[in-house]
Amino acid sequence: MNHLLSMNELSIEDIQYILNKAEEFKSGKQDKIFNNKLIANLFFEPSTRTRFSFEAAEHRLGMNPLNVEVNGSSVQKGETLYDTLRTLEEIGVEAFVIRHPEDRYFDGLAEKINVPIINAGDGCGNHPTQSLLDVLTIQQEFIVLQGLTVVIVGDILHSRVARSNAEVLRKMGARVLFSGPEEWFVDEWKEDFIPMDEAVEAADALMMLRIQHERHSNSMLLTKEDYHQQYGLTIEREKRMKPHSIIMHPAPVNRGVEIADELVECERSRIFKQVQNGVFIRMAVLKWALTTNQEAVDHGLLIKKR
Amino acid sequence: MNHLLSMNELSIEDIQYILNKAEEFKSGKQDKIFNNKLIANLFFEPSTRTRFSFEAAEHRLGMNPLNVEVNGSSVQKGETLYDTLRTLEEIGVEAFVIRHPEDRYFDGLAEKINVPIINAGDGCGNHPTQSLLDVLTIQQEFIVLQGLTVVIVGDILHSRVARSNAEVLRKMGARVLFSGPEEWFVDEWKEDFIPMDEAVEAADALMMLRIQHERHSNSMLLTKEDYHQQYGLTIEREKRMKPHSIIMHPAPVNRGVEIADELVECERSRIFKQVQNGVFIRMAVLKWALTTNQEAVDHGLLIKKR
Amino acid sequence: MNHLLSMNELSIEDIQYILNKAEEFKSGKQDKIFNNKLIANLFFEPSTRTRFSFEAAEHRLGMNPLNVEVNGSSVQKGETLYDTLRTLEEIGVEAFVIRHPEDRYFDGLAEKINVPIINAGDGCGNHPTQSLLDVLTIQQEFIVLQGLTVVIVGDILHSRVARSNAEVLRKMGARVLFSGPEEWFVDEWKEDFIPMDEAVEAADALMMLRIQHERHSNSMLLTKEDYHQQYGLTIEREKRMKPHSIIMHPAPVNRGVEIADELVECERSRIFKQVQNGVFIRMAVLKWALTTNQEAVDHGLLIKKR
């Protein structure tokens, strides 16, 4: 079995296995392979969208989900996350999906748990199933990533998605550039930043990030309109994109901020296709995570034994 | 497919189709017809009773429900309802059950969504499955509505139920009168109001409404006891009802206010029978809403194409 | 059918039937015996751990759970518990699992409900499935309880678990002693109290209780460290336990308070085994509660007709 904690623990072979499985599930194969298995969706931070995507994947695999969202859990009673997981393991849970506000909550934990943990987002660090569905969406469009230019726009500093995406896309051969407000830059990638007006012309795939109003309410001095004009995908900028280029966003979208309202469902937008791909990626990740060692050897997969 | 948004969009044929299907389900036929279909119950206002009734209906049809109640949803992140529904559509949800505090939240929305929306209550306007189960309960009792006198008692002004009920009952041939405190009257129906002492004698079906303490806490000057004496169904008043007359209430009941505690489960009370009918109506509504155009043509149904 | 409200309504025959069934379920038999039955888990106090254990049991029996946790329920609308249960009965719910902050919430209620109520904890009084899983765990270890010494340590006064456990263990032939802070003693059992240093040497099974920080925050003058030194199972004390003795705790554990961190998963600890047994006990309780009168007669069971 395998944990899915962050993108940089995945080999290219793992990623390719998951992408292939996702395509298989999309084409309708092997649905109820995990009939009656219990799975726990532990959301220590609300995210209905991500939870529903996992739940949909679990139902399609025939699994029985147990759901908890942050309040009303025994977390309030001060139990450690380790004890919660060990308890659920004894209850018969065969996989965990966890979203947690703390960065790398799984450090020092995953190696003690004998059931796969799927990280559904931690702090501002990792959100691997989101990264995988992004890669799947790009691959469906361009078949190979080699030689593509992907521009990630927005709050690189706080984004769960930006960092792991950048890493995996580069690993798979894409050129990755960044855009957005200067104060959200990451120092190490400073030379890869370009202004938005250049970004729209350079990108094969333009990945907008969501503005986290929750995080920026005080620090952000710009109005929404100003943000949109300076860093957003305006109607005017979209016209200067290459004919084949696509628009992506992890959603939920702030309409009229990151992207003009009218463009959310325009022809180049893959925003809702990403959502659809999310379910297939999560099915594939569960398949990969619950793969036995023998199956993995048969498939020539690298196995992380924990 | 069909949305169920409000009673006045339903033709008599639609209503009759739903009532017939409900009777079929009640007699035990065709249970798991929607096996493994995903359905989302989105309650932007808590109502465990209504949610459980829908959930029970969905389980009996073999569906997999995804549940969200108001807090902890991405609604908090400021996503529009449209984006939430479109997202869930892409996730694979095949029908929506929605309760929302805003009047006619579905206006300008339903025509853009390709999956049926079942309105489970909006603002103080519509609650069509409640109206349908009320009609079913009356029909089970009297076979035809033609010529019956139904008196609706209580807060006509704020009730989700009262208005649509009155309209549909009249459409189906019943005489509808009203009773209750004068300040809760609707001007257009003023001449159809009668005092409670007359109401109990006139009614074949006496439909009590629930007092919304939430809404009236400030405006209502009467004590609960005074309300009960002046406008409630007291033990004394019940005795003056016709031998065959029935008592109805959408529940939850304020015992000793709208109706005397002792009468809630008396022989003429159909209050818990209404609850039971609710599940069959919701199964029937889902069947109707998910009916394909071809099936509908075969059944001679009017189809609303959206 | 049978309600499970408190341990002292259970005969030894009932208990033995449930323990036997639990062992059968543990060995993998008869899983989906209640396929598609609706069950409602009503938690008027949060307890994810207990809810998940019941949910896991229900899924293994093939049941469809309806879940409600305290907020967002129509309880807020002031409906009585009786009306809630009657409503759910009409909706088609075939069993209730209820946790409620009020002591003996079920008094005057259970006899009016025609569907079994499983008490999942009330006030500080009863938590029968916890008691049963404790007995099962001891029985698995020692085969018979006759002649064993069980020491219960901690807040006897406020514990859901302590009282019913003590009673049932004595009924089954064990000697039960108590330990912990003097202010948490129960007068009637005063002569059965021994200091912790004696307790560890006397016990075949040492049952630690959880410190309810919620309840004691003001009254407790000891620091956690002091509590641990005076009344807890320290590393030093564990060494003086008999070779075959076992450690039990209902969990969640306050590590380093009731019990040293290092001992939670030590060789004598049955803490996580208790959790595992919990699922089988709850399956067995549901089987027992939903047993028809005829089946019960066939099995020679005492039946409580309500």
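Chains here go by letter, A, B and C, matching the order in which they are written, and residues are numbered from 1 within each.
Heads up, the rule we're going with is that contacts are C-beta pairs under 8 Å (C-beta built on N, C-alpha and C of every residue); 3 or more make two chains touch, one makes a residue touch a chain.
Not measured: the values here are computed from a predicted model.
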What graph shape do the protein chains here make by touch: line, ring, star, complete or other? complete
Interface residue overlap between copies chain A and chain B, same or different (over half shared): different
How much rotation, in degrees rounded to the nearest 5, is required to superimpose chain A onto chain C on the basis of Cα coordinates? 120
Between chain A and chain B, what distance separates the C-alpha centroids? Give it in angstrom. 41
Residues of chain A that contact two or more other chains, please. 71
Contact footprint of chain C on chain A as seen in their complex: 36, 38, 40, 64, 66, 68, 71-80, 83-84, 86-88, 90-93
Can you tell me which positions in chain A touch chain B when the two form their complex? 43, 46-49, 52-53, 55-56, 59-60, 69-71, 213-214, 251-255, 264, 272-273, 275-276, 278-279
